[in-house]
Every structure is written in C-alpha cells, then in structure tokens.
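So, here come the structures, one by one.
Next, two complexes with chain A in common: one pairs it with chain B, the other with chain C.
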Partner chain A sequence: MSGRMSLQALQQLGLAAVLLAVSVVFGLNTAGFADLGNLRNILLDATPTIIGAVAMTFVIVTRGIDLSIGSIANVAMATAVVLTGTKVGVSVVTETGFAVYPVALAAGLAFGLLNGWIIVGLGVNPLIATLGTLTLYRGIGLHLTEASLYSVEGGLLALGRGQFLGLGLPVWLALALATGGGFALSRSVVGRQMLALGGDPRSAVETGIRSRRLILLVYALTGIAGALAGLIIVGRVGVLTSELGFGFEFTVITAVVLGGTSLFGGRGSILGSMLGALLLTTIQNGLNLIGADPYLYDVVRGLVLMVAVSIDTLTTRLSRRQRASPV
Partner chain B sequence: MTAQISEPASGRNGPKEGDAPLLSLRGVSKSFGGVPVLRDIGIEVRRGEVVALLGENGAGKSTLKNILSGLILPDGGEIVLDGERLSGLTAGDVDRHGIGTIHQELSLFGNLSVAENIHMPHLLHRRGLVEWSRLETEARRLLRDELHTDIDPRRAVGDLSLGERQMVEIAKAMRRASSMLILDEPTTCLSLPERERLFAVVHRLRDRGYAIIHITHFLEEVYELADRVLVMRDGVVSDRGTPAEMPRERITRAMVGRELEEMHVEPQPVPAEAPVVLDVHGACDETLVRDVSFCLRAGEILGIGGLMGAGRSELAEVLVGLRPGTGEIALNGTPFAARSPRAAMERGLVLVSEDRRRDQAFLNRSLRENVTAPALAALAPGAVGWLRPRREAAAAGDIARRFGVQPPRTETAMINFSGGNQQKAIIGRWLGRAPKVAILDEPTKGVDIGARAAVHKLVAELAATGVAFLLISSDIPELLALSHRLLVLHQGRLAGVVERAAFDPDRVLSIASTGRLQ
Partner chain C sequence: MKPLAPLSTATALSLALSGPALAQDVTIGVSFDKIEPFREAQIKAIDAAIEKAGAAQQFLNADKDAQRQASQVDTLISDGVNAIVAIPWDIEAAVTMAQVSEASGVPFVTMDQAPADLESVAYHVGGDPCADGTTAGEFFVKAADGQPFKLLEIQGGLANDNGIRRSRCLNDALAAAPNITVIAQVPTDWSTERAMIGAQNALQEHPDLNGIYQPWNDGLTGIFSALEARGRLVPVGEEGHVVLVSIDGLPLGCKAVRDRLVDLDIATPVPEMAERAVNAAVAAARGEEIATKVEFLPGIPYGPDDVDAKAAELWGCN
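So, the complex of A and B:
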C-alpha cells in the first residue's frame, strides 16, 4: 500500500500546488480575482462539479464511466419542474414548492439505475451505454420542457441561493458529500470492494464480491449527483433552460482524472477530485475576469484533460513497471 | 464477524468409515451452449481427507471447481453439503459452510494491501468503516503462524513477487475456509520451499479435519499428498481409488482413455561440425533479463527452464526485438543489432509466443489466413502484390497437413478448432517457413496429451533437419525429454547449464528455485 499511496499523495500535492500557482497568477494580474466575494463565487461555482466528481470517482474506480451525468441533471430538473411547478398565468414564470427536491432526486436515481441496468443487465460497455443515454435523457428533457425556458420561483431557489455561516448552502453540501465520499471510498467496506472490483474484475468474481450490485450502486450515485447538480445550478440562476448540463460530463470527468483517479480503475481519490474541480473552476473564473474569449476556455479545458490523461497513463505504466521487477 | 480458522465441530483425525461425507455430489451435470461439460458426476469428500482430482485440459475439472466454489450453478443433480441438500452452491452457501479456494490464476487485487486481499470481501469493520489494525493483525497471524512467511500485511499485493502472492492467495483461502479447502493447481509457480510450506499446511488442515480437494496434473503430488484419487475424462469420473491401488499407468490411462504408448522422443545428437546459428552475449533488458549469454548450434534443442517470473519469456522477447534490451546477438555469424520481429523473421528467427490465443491467433479468421499471415509477401509476388487465393489455400493446406491440424479445412474459422489444433496451426505458421532458429515459448501449455506428443515429435524431427530450437517450458518432463542442453534462469540470470547426461528433475527445480548449482 505504501508505494502507491505516496504516488497518489504526490499527485494531490502537485495538484494543490498548481491550484495555488494559478490562483496567485490570476490574483496578481487580474483585478477583482482575489476579492472575497469572487473567491466565494469560485467555491459556489465549483459545487456542482465537486458533487458530480465525487460520484464519478466511484464510477471510474470500478472501471466505468458515466457520460450521461449532465443529461441526467437536465432531465431530472425537467421532470421535477414540469411535474411539481405551476405556471403563473401565461408567462414563463413557474412557481415551485419543496416537492421539487425529492422528485428531482428520485428522477436522477431512476435514470442512474437505468444506466446501471443497461451496463450489468444487458452487458453493454459503459462508454457506449452512457453515450446512448446522454442523448436519450437530454431528448426526454427537451420533450418534457418542449425546449422552452422556465423562469423558476419559490422553493427551488432555497438551496441555490441559501446562505449559512457566510457561505452558500451548496458549498456546505458539497463539502459534506466530499467528506462522506472520501471516507466511503478509502475506509468503508463497500468502498474497498469497489476498488477491488476496479483493480481486478475476475478476482472480484472469484472472491465473491457482488460486482453487479456495486456497479448498479455507482451509477445510482452519479444519477443522484447529476440531479443535485441540476438543483444547485437552476436554484442559483433561477432559470431552467434546455442548455442545462450541457458539457457537464466533460468537466466532471476532467476533474476526476486530474485528481489522480485512474481511468484504468482500482485507484482513486475524492480529495483529488475536489481539487481538480476547484482548479477547473478557478481557471474558468480567471479567464472570465480577464475578459478572455469564451471559446478559449474549451481549448484550455481540452488541454487540461489531455495532460491529466497522459499523467494517468504514465503513472499507471510506471507503477506496473515497478511491480514487474523481480522480488 | 470472525476471522478465526475455526476448528470443525468435532476434531477428527483421518477419514473414518461410516462417517457421513462432508460433501457429496449426485448426478451433477453442466452444459455450456448445449455442450455437456460435466455428466452425472457422483463424488464424496470426507472430513480429514485429501482427494486428488486429476484430468487433462477439458476434462471438466475447472467446471467442477467452479461449481464447488459457488461461481457457477449446475444444470442438474444434487449437492449435499454438511447434511444440507442443495441444487447448487451460491457464494452465500460457500461462505456459510466455509469453503475456501486457492485459484490457479490467483484471485488477488494488486491495487490493495495484503491484509485487504486476505479478508476480501468480508473486511472486518465497525459500523461500515474498515478496522485496519484488526485486519492486519489477523492477516499477520495467518501468514506467520500458518504459512511461516513474514510478508508485511500492509504492502500492496502488486509489489509482491509471484511466490509471495501465491502465499497470500493461500492465506486468503484459509481465512474463508472452515471446513473445506480446494486447491486448483497451486504449485505451478512455487519454489521448492514454498511448495513444502503449502504441503505442510495441507497436512495440518487435514489433521484438523478439513476436507481437501487438490486439483493437479503432477502425478508425484498425488502420491505425496492424497488419500484418495479421482480421475476425470470428458466430463465424467473415469476412475477412482486410493493412491496405493492406482499406479501411474492406471491414472494416465484413466486420464487419456487409452494406453498411451510411451512416446519417448529422443533428440538426435547434434553433429560436431554443426555451425553456431545464434550467439547471445550479455542479453539484458531494463528489469527482468540480466546478462544472459549462450550459443545455439544448428539442429540443437536448447531448453530454458525456471520458475514463473524468472525472465524466460522476456529473454525471448529481447532476442526477437519485441522488448527493448541490450547485449550482442549474432545470427548465423553476423550481428543482429537493429532487432524487430520483422527483421528477425527475415533472417530466419521466429518466436511462437506463450499466449497464442491472445498474442498470435486471429480467432475469427480462417485457418488459411492464420497460417499464411506472415508469409503473404511471398505468396503475393509482383509490384502490386495481389494475393492468389488458390495458391494461398494450397500453401495453407500443405502446412496444415504437415503439422497435423485436424481437420485440415483451410476455410474454417480458427475459433472452431480445438486448443491443440490451434496450437499446431500457429506452430505450423512459423515452422512451416523453414526458419533457422525457432523460439517456442510453452509450446504445449493447455493442449491435451495427444497434441503434446505430436508437437514433441515435430520439434525433434525439425531439429534433425537442422533447425535450432530454444524451448521455453514450465513443464520439466517436457524440457528433459526434448532438450540437448538446459539453461536454468533464476531472477533474470543464468543460474546453471545442465547437459543431457546430467538431467534430473529435482536438480533442475532446485536450481530454478535457489539460483544455485548444487
């Protein structure tokens, strides 16, 4: 355990250092970046990604991937707003109550379980299965909202705009989920079984690990996380658009891989995923403040993912080579 | 949840007549895709006895093991386990009754610690959180007290040597076993001391009243360990008895189903004037091959022995350029410096690698394409290089017949041939091209006795025509039967060279496990 842990710790330390360096560079060169208000904003902006990345870490350590997490955010919110909201007159304004929360989470869970079933029940490769549901779920969402814009009022805003001890409610929620997730992955029996499954699926079967159940569970987690991310995003901006969750899977997966979780499975860190999410949000915020071309952000995001994946491949190869040496 | 190796309710010593068997199978059957793999299996295993289970590949041993380990359910029949009637064992039944299995391919997780591996999936926990210290204490106790090894339970399994991993696998099975232990060919990659430690454990557990099923293809182990012998062939139990009642010939006959004419292949002596065709000086790679030197003459069969992980396959890969490495290598007297598989082939050096199904066979393509794949340039002459199907089929059919591929139908997809015939086809692909030097890596792994004999005969015949062979094998009798000389590798180094006159299985195994010539 020792050798691997130190490699992972090293990667997290490096990531934290990069995060610090990026912050210092923006802080020195960009007016308004280091304001307390902006820093709070970065934290708040990062929360959907952090929550998504915590759940995605579990999926990726089992050798899976969930490309549909952004579409789940969209379809879960569409379901919840359309089912529980009441239109005010003929305007686009929709009044929501607190029922929107359980309905969105239940929808997220259901769509996540459907992903899991396609993967374990039908035996479809996770990449292809969730590539399919990426489009399917978004389509259902568009159908439900008829691709129109919903301006929401009422209960749905409570989470996104709520404050507690000077920080937004979503920040506390994300912190709590990341802490719980971190413990679950590194110290719980189920978390260790997931790491085992990702490390060697054949051994997992021979050992009597209930692989199918674990896989269903991790996709249920990304389903719920997608819905939560949707609740936070819509709750903050007060608008449900057909664009909700577009590209979210990319940000989330980049954050996870950046954090040192291996796409080859069996190795992962929730703390790393959180740092990855913060780094991506900080870069976006800084580029925003210096008035960079918004399309530049995609270039940066793409480059960051390529760097992260290359590091993953290199460290995996390195650890395999070390292990291959005799005695 | 407890991790004690619990003593069975009544500590018995040795099997007693009249005891109810711990496990009995009646009429158990299993088919895969309509092909029966097990038919009407009836066996009994008592507490305090070691039952050896023998059989060729494909006899159904693995399927039976998987049924007893709760990995697959039988189609029919009845299993009575400790008085409980069941139609099949689930993972839950296996846990409840305390059946532990040592899997041949090891059921370990390289990314987790030794302690976690031993306890998986039932990690000791308090309110769902793993209790690392208890996990490690238990694991250390098992490794030290039962297996007499001092592997640190906190190390990652991926960092352990193969022998150490094997020990962890045994500890893992012991952690789960409270009544029965199944060993699936556990000794293939163990060194001598490790093997002895395992056998000591087996004896101790038997004396404590465990029932033990030992699956093996080493006949010596049967006489060393077993109280009873079961032999399987074609999905049925073909013979059974005590080791005393079953001499080698009877067991072999039950495995093969006919008298195996003693196929004694004796390689013809290498002519004194035979030229050196392969001269290797100081071959190294980054980690696994260290400073190996030897030379090989035309018509010579040079065996390469050693434990798993000794660097045998890696050496072969360095020689043909599949693996980066250093050292001076000369082929037919001229240096072979810019090494690549293609350059090697052009200069008459071919490698038939160990995992043919994965590395070399195109399973969903025809036998013809599999056989002619490396020879297409020769079959398609001219500037453009159009293939001439008839000519290609004729060439493929010729090789298939020469190498005894049955049936020699060139258009049948490779996957429809048996393992042994796939083997012969791939060997034919390389040897049919008249190489000067051929490296065979485990040429008879996973093939039946008949195909094995055919491969041996082929190798001896080709050697007599002047082809030089490097024969890598874990099968010591095979090495001793075929080789003129034997190189033994230990941890990447050349530990010893044994001449045919001095061949002795124990000596080879001893050099392979200690690295010292004694």
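So, the complex of A and C:
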C-alpha cells in the first residue's frame, strides 16, 4: 500500500515540477505571464475542467469512464435555458433568472443517473454506454434549442462573472469541490470503497461493498459536474450554442490521467487531477501569450495526452510488479 | 388499345430508371458537417429552396466527424437519393466522398465549404472566404490609418476551407501594412469559449490592443465578455474602442452592429447560396449540363452607419 502511495505521490510531484517548468518557460518568454491578473485568468479558465476532473476521478477509479460529460453540459444548459429563459421581444437575447441553476443541476443529475442505470441496470460497458449517450444527449440538446443561438443575460451570468475576494466565483467553487472531493476520495469510507471496487471488483463485492450504488453515485456526480461546467462556461461567454461542451470529455479525461489516476481503476488523486487541469490550461494560456503558431496547439495537446497515457501504463505496470514481488 | 397499357408502363419504367427525373421525383440527400446557428439558417434556406424546386430531401448531420459524414453519404447513396448537397467537415475527405458518390451515379454538390479539389464535384457554391478575409484586412488597414496597430486574429477551424481562407486572405491583405502587427493567431475550432479565452489572454499581454478579427458571429459574445472584463467594451467611435470585424451576418452579428459594438460584419448570402446549390443538384439529377461549375458569392459588408440602409438585403437583420 505504502509503495503504491509513494508512487502516486511521486507522480504528482513530477506533475507539479512539469507545471512549474512550463510556467518558468512561458514566464521567461512573455512579460504578462507571471502577472497576477494572468494567474487569476488561468485559475478561472481551468475551473470547468477542474470541476469535471474531480467528478471524473471518482468514475475512473471505479474502472469506469464518462464520455458524455461534455454532452451533459450541453443538454443540461439547453434544458435550463429553454425552460426558464424568456426571449426579450424579437431580439436574440434571452433573459434568465436564478431558476436556471437548480434546473440545470437537476437535468445534469438526471442524465448522469441515466448513464449509471444503463451501466449497472443493463450491464453495458461504460465506454459503450457513454459513447452512446454522448450522441444522444447532444441530439436532445440540439432538439431543445433547435440549434439556435441563445445570447443570455440576467441570473445566469452571476456565477460565471461573479467575483469574491479578488477571484472569480467559479474559482472558489472549484477549490471547494476539489477539497471536498479530495477528502471524500482519500478519507471517507465511500471513497475507499470506490478505490477498492476499482482495484479488484470481485473482492470488493465479496466483502459486501454495494457496487451498484457506488457506480450510480459516480455517474450522478459527473452529471452534476457537467451541468456546473456548463453553467460556468455559458455564464462567462454569455451565449449558449450547440457546440458547448464539444470535446470537453477529452480535456477532462486528459487532466485526470495526467494527474495520476489510473485508467485501469483502483488508483487516483483529486489533487493530481487538479494539477492536470491547471497544466493543460497553463499550456493553452502560454501558447496564446507567446503568439504560438496556430498549428502547434493540437501537436502540444496530442503530445501531452500521449505522455499522460504512457506514464499511466508504466506506473500501473510498476505498481503491479511491486505488489507481486515478495517483501 | 389493349397493348397500350403495358407499353406505357414499360415506357414509364424506362424513364424512371434511365431517363431524366422530374423535379418532383428528385430526392436530394442533404449532408451537413454540424449543426449550429449559422447552419440552422442554412437548413431553413435549403428547406425553402427544395420546397420551391418541388423536390424531396433526406437530411443527415455528421456532427463534426469526417468519418461519420463519409458513412452518411454512403447511406444516402444506398437509400437511392438522386443527388447530394453536402457541407463537408473535412476538405480532403470531401474529395473522396464526391468520387464515391459520382462513381455511383449520384451527382455530388458542395455548399459553403469547398472540397480540396473542386474538379471532384458536380457543382460548388460557397461564400467567398477569401474575399471576406480580404475585405476584413482592408478594413483594418484603413482603420489603422498608417499608425501602429495591434491586431488579434481569432481563427475558426484549420481543417476546413472557410477557416483557412478567411485567415490566409486576411493576412495577405494585411501584408501591405507593416504598421499592423498580428500579436497572436488563436486557433479555436469555432469554439466560442476558446475565442473568449484567446481574447482575454491577448488583452492580458497587450492591454493596448487595437483590433480583433472574429471571423464568425457566434464568438462575438465571448469577445465582448473579455473586453468588458478589461474595461475595453467601448462603442464604435468612442475613445478606447477596439476595432472589431466579424463574418456571417447572423441576427447576433446584426444586433452587435446596431449596438455599435462591431465595426464591420460581412454577411454571407445564405438564401442565394442554398437556392443555387439545390437548383444545381436538381439539374444534375435530371442529367442537365451545369454551365458554371464553381461559384463564390462574396459577403455583404455592413457597419453601424449603413446597416439600416442595407437591412433589406441582410437576412440576419430581418
């Protein structure tokens, strides 16, 4: 156990060092990178990914995956804006109130639970189940909005654009969720049960862990996280379009895997996922600031994902070897 | 009289199988690369054009996936459509789709996004992304008026024709003005969130930014959000205004021009484009020769001072 812990700690330390190194490189090349305002921007830009990554960590440690989180962001926002928004005259503006928040979160929860039910109720592999709902939820979102553009005003902007003690409200929210999530995963009974379930599902069930409930719970969490990410993004951008959440799942999963959570389950860290999200956002920010060649962005994103998956495979192999070797 | 009935049936069958189809017998397969507000406007325009032509349609959306779009084109061919009107997601994949379709005897027409090889399609009609990019570039040159000018270029998709040529021709037009510095080119894959973050980051590094090129309307709201956060959302003509040029002509773009937040929007002539694409598809399905195989329709530039005068020809302003 201690060997596995130290391996994970080492991985996080390595990630923090990479984040620091990347920051130093960008800081030396651009005047504005190390500016306090820019650091605030990085934190704010990272919040949807952090929130998604916190929830996705729970899913992945149980050997699951949720490819539909971006589509949930889209369909939850479509549901909430269409149900609670009011078109201002014949203009393109939709006025929203605070009712948009509970409706979006309830929609996210419902779609997350549906994912969980398909997986535990119907016994469908999580990858296949959420690949299906990725398309299904996006289709429902398109149907609800008729692919129209909703330029939003009113209550919906409060979360995305609000400030508290010099930081954006989403930053505080993400920090709170990451702290709570970190505690829940590493210290709570439920968190340990999730790790046990991902590490060895058969033994976990034999020891009395209610695996179906846990799986329902983790997909409910990604549903809520998807809706929260959608609320923040639309609140910041000020517009709901059909492309909301497109590709979000890959950013989130990359952040989680970068952070040391194993795609093979049983091992994961919320702090690592948060560092992964910050690294991805920092790279995007730095490339923007140095005016990088636009064709470089996808190359860098692809490289980061490849490195993350390679490290995960290597550390998992090492971890298994450590467990197998006699003390 | 008796032999006439079988003869008529045979004649009709022969015409149906090999002869030119009447418009009401034509089913057009419509393959879109994605659904978003601009595409929604194009769907409405295509619906109207197909209804006007008296044809039927079968619609499929590829949702930003070139592989899926290729499969959908195969499906349309299998379903027996008489012609295909497509907005391709990937310019290279479009060539293969066109070749497969034409080899199956189904004319392949592209709209809006040109394939990498225009010879591969029966007909193409699009906006003129190069003309639009050039118009935008010339506008920035005029706005800079020989003075140092920092410009942020937000880019759409780098895998499709509109994204590539709206960027390339902007930069060609800017080449004549060494006083204009493009401080960053931010690729977004048409994401409004990435456009906002790109503008936010550029304003962080260059608080004295002079202009932003936002080559599609959906992303404008995010740009306004970034400008507002830095206290730079100032109307056209007032001190501190950031010159903003966009393309599309959506209702959102028209509103932004009327609110004097955008200096120039270039409206793509969507209804005309859809009508030409549908008419060409019907004609090709009937075996008729298409005189002009490629047409590019330049956008209609409009700004706060002439939006009302031009409103009648701007579909997004009505």
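Here is the rule we use: the second predicted complex is superposed on the first by the 321 of 327 C-alpha atoms of A that agree within 3 Å, B and C clash if a C-alpha of one lies under 4 Å from a C-alpha of the other, contacts with A are read in each partner's own complex, and residues count from 1 in each chain.
Note that in this section contacts are C-beta pairs under 8 Å (C-beta built on N, C-alpha and C of every residue); 3 or more make two chains touch, one makes a residue touch a chain.
Not measured: the values here are computed from a predicted model.
K.L.:
Following the overlay on chain A, give me a clash-or-fit verdict for chain B and chain C.
P.N.:
In the superposition, chain B and chain C stay clear of each other.
K.L.:
Contact-wise, after the overlay, does A:Asp200 reach chain B, chain C, both or neither (first, second, both, neither)?
P.N.:
A:Asp200: touches chain B, not chain C.
K.L.:
Have a look at where A:Leu142 lands relative to chain B and chain C in the superposition and call it first, second, both or neither.
P.N.:
After superposition on chain A, A:Leu142 lies in contact with chain C alone.
K.L.:
Determine, under the contact definition given at the top, whether A:Tyr295 touches first (chain B), second (chain C), both, or neither.
P.N.:
In the superposed model, A:Tyr295 contacts chain C only, not chain B.
K.L.:
Touch test for A:Phe246: chain B only (first), chain C only (second), both, or neither?
P.N.:
second
K.L.:
Quick one: classify A:Ile233 as touching chain B (first), chain C (second), both or neither.
P.N.:
In the superposition, A:Ile233 touches chain C alone.
K.L.:
Chain B and chain C, closest CA-CA distance after overlay, in Å?
P.N.:
It is 31 Å, taken between the nearest C-alpha atoms.
K.L.:
In the complex of these two chains, what residues of chain A are touching chain B?
P.N.:
The contact residues of chain A facing chain B are 1-4, 183, 187-190, 192-193, 195-196, 198-200, 202-210, 266-267, 319, 321-327.
K.L.:
Using the touch definition up top, name the residues of chain C that touch chain A in the complex.
P.N.:
Those in contact with chain A are residues 34-37, 39-40, 43, 63-64, 155, 158, 182-187, 189-193, 196-198, 200-202, 204-205, 218, 221-222, 224-225, 229, 250-252, 255.
K.L.:
Please output the residues of chain B touching chain A within their complex, sorted ascending.
P.N.:
69-71, 91, 94-95, 101, 103, 105-113, 116, 120-121, 123, 125, 128-130, 154-156, 158-159, 161, 172, 286-288, 309, 311, 491-492
K.L.:
Residues of chain A touching chain C in their complex?
P.N.:
Interface residues on chain A, with respect to chain C: 30-33, 35, 37-38, 41, 45, 91-93, 135, 138, 142, 146-149, 151, 161, 233, 236-239, 241-244, 246-247, 284-285, 288-289, 291-295, 297-298.
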